[in-house]
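These notes open a run of structures that come right after.
You will see chain A twice below: alongside chain B first, and alongside chain C after that.
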Partner chain A sequence: MFGLSRRTLVGYLYVAPLMLWLALTIAYPLLSTVVLSLQDIRIIGTEGSFVGLDQYRAIFASDTFWSSAGRSLIWVLGNGLVQTLAAFIAALLLREAFPGVRIARVWIILSWIVPTVVVVIIWRWMLSASGGIVNYALVSLGVAERPIGFFSTSTSAFASVVLINAWRMFPFMTVIMLAGLMRIPEELYESAAVDGANAWQKFWYITLPGLQPVLFVIGLLGTLISFNTFDVIWLLTGGGPAGGTTTLPVLIYDTAFKQYRLSRAAAMSVVTGVLLLVFALTFIRLMSPRTDAQEAAL
Partner chain B sequence: MKRSRRASFVLIVGLAALLFIVIVPFYWIFSSSIKIPQEIIARTPTLIPQSFSLQHYDKLMNSSQFPVYLRNSTLVALATMGITLLLCTPAAYALYRMRLPGRQTLFRIILITYAFPGILLLIPLYFMLSSLRLIDTLYALVIVNVTFAAPFAVWLLQAFFQTIPAEIEESAALDGANRLQILLRIIIPLTAPGLASVAIFAFITSWTEYMFSSVLIISEQHRTVPVGLAGIVGQYQVDWGLLLAGASVTTLPVLVLFALVGRYFIAGLTAGAVKS
Partner chain C sequence: MAHSIWYRPSVFAEAGIEPPTTWEELLAAAEVLTTDTQYGIGLPANRQLYTDQVVYDFMVNAGAEEIYNPDGTLRFNNEATIKAYAFYSQLFRFSPPDSTNWTWGEAEACFASRACAMIPQFTVITTYDTQAEGDPNDLGVIAIPRSDAVEESGTIAYSNGVMLLTSDPAKIEAAQRFIRFILEPENYGRFLNMEPGLFLPVTDAGSKADSFWQDPMVVKYRSQIETMIENSKNGRLFGFTNGNTFPSIASISAQNILAQVLQMIVVQGMSVEDAVEAGQAAMEAAIE
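Let's look at the complex of A and B:
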């Protein structure tokens, strides 16, 4: 039939249910977001009328949207920096051989697999201004004079949420980075040592280039995953104080389900999607590793 | 390579710090959840519990809505697990074991959906599920969770499917087995660890989901654990004992499941990341 063998047809038949599922729950909703964004629906169940690009005009004119976009950018950069650094150090440690290393390489991921709400409870409890252990330690060590309200000012709340999210996410990065490190052949280091290379030179000329494919994956996936963070922020600060931790996902959620402006939130989703697409394409274009790792995958 | 003394020292200190950062927060909630309320809020925190009491667990299980949340979360997670396996096993088989024309494109589509930010789907999925009259049902949560678990599940399976030698399949085909028989009798048993880690990944994805559950579920009796616990966090007077017990009970299934397949899960994760 049409030159397709029976075997090929069976193959497509096996992939079809998954593809259909993804089409119905991702592709179709995406298209319907655009339709929703051209209307003025506020709450579900009410009829909206067509308003053209009004929602977009409102967004482009609003400071809230752009300041949230700015915060998202800082959020992604801050998380990227802290997580990459922490993950790199952790991966270097776990590359070594020591008793229990196999267990450590698996269980390092613990904070990534527990529910976010548990992460939130842990840190609300530890950072509490009244009786939290972190404040107790800071005060008794004389680092702080009185308990610090970590979530009480915009800046400290933002920094706290970045660190807490990095605590949750860096193990995931560690596992991937470790896999990258393990792929660098030991002989490269040995011959560099014979040539008299110091630790810094080994890092710069062997480790970093060797990690490039993995850094590409981490850069792309990590950025998108970080960007998408909602529950950690929402449950820790609700986007406050004074909007200081409102990133785009928080703003979209808040606009849709607290302010009841669904169409406005849909338009924000569309603009956000476009911004992310531009980022992803630029990143792939500029940073794609020269090796044909992608082709080798299949 | 033998380590110098200084290198060993750095390694030990570094590992101790890592262990501290990753484990201590969990120890702190577990150990606090079995203290009596006076000790939980004591001015001087006690690193080793001085009292022992299961009163918070008793309250959680016998006079709160938590058992209802647990039941809902379990049902949703099991259904998510089953559907994810049914969708992804044949798809992964076709993608990784059959020389399917266009499989690269299909594989890329799946990768893109994996990295796709869920927030962009929140509003349209809410509309879609509302027009299907699925708001405030557990079905809505299953649908959403499968969508977010499936792409990564296919990715995880790559490592497990690609290690099977082609000869095994070829000789089975010579013996007259068809594709379905090969999949069921040969591939599935050989990839059992991979399938187990996918099952548990799907379970955990569903178990931890908060954002969609918080808008798709309205009534108390359909709430899942993360939304239920978040409700307690948001109260004016936080009952820390109850909350810490709740967090501990919520973490437990994740720990048990991960202890069973964690090794394979990490193997699949790293193989996927390094290759693609």
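Let's look at the complex of A and C:
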């Protein structure tokens, strides 16, 4: 039928329910968002009229949109740097055999398992300038004269939120990296040692290439997850102070549910979705690890 | 519910000062009470409802309680509003540095832990009773101090209304009977004491009802609650002043524009005049 073999047809039949489910749960909301972005609806449940690309023109002319996009970029880069570095160090440590390593490998995932809202409440109180343990320690040790307002300026709030989010997410990256490290054959390091390779050479020529598939996954998923982070930022700062932690997801929420401009928020979502799609396709094209067959063909 | 200023009489006595009634006295008190281990006053500057409420406290006491003209146009950008924000930003110097991120809980905790000498607070007595020392003799409650532009201290106050979403005469009649039942003084007292001290009576008969005053928490903090009721009598609410109701206040309130203006001043360093002007523009955009 249709020039397809029976085996191929059966394959399509097997995936058909899933494709239908995806169409209902992903394609429909996406299309609805696009349709919404072409109207001028302000509050959920109200009627609007077709305004063409007016919402897109408005957001492209908006300083707030572009400053939030810039902040999203810094957010992704900041989180990527801190999380990757922390995860890499933790994974290297956890790869070693030491008493209690099994407990440590389980224990490290704890901050990722704890619900976001709990993490946020803990950090808010720890960093409080009126009774928080971090400020108490800094003042007691003479590091600071007065309690520090970690959320008092746009810059300090942004840095604080990046660090808290990185603290929450790096264990997840650690586990993935540890899995990558464990599958690098020990024999490679032993051979390199026999050949007189030093620690840096072992890292550069064995560890890093061996981790390439894992780093690809972390680079792609980590960027998308970081970019879309909303809960930690919203619960910690609500996007403030003075918009200093307003990334695109926060701006979209704020536009829809505080400014009551649902169609404009939908247009922002569409633009953001396209940007992320372009990033993902480019990243896959440029950074996808080569298969053995591709390597052999070179 | 209405705002008052909370303080500890023992802390004031130790500092040798009296409870403030004017802005000058409040500023002086906050300065004297600020030490290495204590902030003179805890004031919010978050883009959040608590900040809107406290900003409005000072607007009311500067004579700027009207955000709207009677015809529904905005009159936010005026001298009285500028005066209120200018004073708030002065007072804010004696507040914890992270109060740009505060909601109600942080202010309560700051007062309970004695890190803040004063806070603007609703009538949430149970929090003080359970999280602070719970000593009724060392909890002072005063009206929000006023500027020289007004003769009497005012405050933000919420006196909830009843919305009937029906045109069915039978249902309206039933609802009216139910409300009359709730407002019967002996029922009303029990109703208000769902959280003792938080909800204040809005009827004269309710304010005298035994069922209200006999609750153990109300007995314990009777003098504070009497002061709170007195303060609430001069209460205002943005968008609902002088018998007018402006539904578009929902768009202004949802975006916390009163708080945004404060952040422009204390976080971004904008001049008070420019910030208030930007606030009026933001309000106009919000309600267009």
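Just so it is clear, the second predicted complex is superposed on the first by the 269 of 298 C-alpha atoms of A that agree within 3 Å, B and C clash if a C-alpha of one lies under 4 Å from a C-alpha of the other, contacts with A are read in each partner's own complex, and residues count from 1 in each chain.
The rule is simple: a contact is a pair of C-beta atoms (placed from the backbone, for glycine too) under 8 Å apart; a residue touches a chain by one contact, two chains touch by 3 or more.
Keep in mind the model is a prediction, meaning the values are calculated, not measured.
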item: Partner chain(s) touched by A:157 [first = chain B, second = chain C, both, neither]; value: second
item: Partner chain in contact with A:184 - chain B first, chain C second, else both or neither; value: neither
item: Touching partner for A:240 - first (chain B), second (chain C), both, neither; value: second
item: Chain B versus chain C as contact partner of A:192, first or second or both or neither; value: neither
item: Which superposed partner A:58 touches (first chain B, second chain C, both, neither); value: neither
item: Partner chain(s) touched by A:260 [first = chain B, second = chain C, both, neither]; value: second
item: First (chain B), second (chain C), both or neither touched by A:148; value: second
item: First, second, both or neither for A:131, with chain B first and chain C second; value: both
item: Chain B versus chain C, judged by how many residues of chain A each one touches; value: B
item: Touching both chain C and chain B, counted on chain A across the two superposed complexes; value: 124, 131
item: For the chain A and chain C complex, residues of the former touching the latter; value: 124, 127-131, 146-154, 157, 236-242, 244, 258-260
item: Touching residues (chain side chain A, partner chain B) in the complex; value: 7-8, 10-12, 14-15, 17-19, 21-22, 25-26, 28-30, 32-33, 36, 44-45, 89-90, 93, 96, 98, 104-111, 113-118, 120-126, 131, 133, 136, 167, 171, 175-176, 178-180, 183, 213-214, 217, 220-221, 224-225, 227-228, 230-231, 234-235, 248-249, 252-253, 256-257, 262, 265-266, 269, 272-273, 276, 280, 293-294, 296-298
item: Chain A contact footprint on chain B (complex, rising order); value: 3, 11, 14-15, 18, 21-23, 25-26, 28-29, 32, 41-45, 86-88, 90-91, 93-95, 98, 100-101, 103-104, 106-107, 109-110, 113-128, 130, 135, 143-144, 146-147, 150-151, 154, 158, 179, 204, 207-208, 210-211, 215, 225-226, 229-230, 233, 238, 240, 243-244, 246-247, 250-251, 254, 258, 262-263, 266, 269-271, 273-276
item: Chain C - residues contacting chain A, complex; value: 36, 39, 42, 45-48, 96-101, 106, 109-110, 113, 115-116, 251, 254-256, 260, 263-264, 267-268, 286
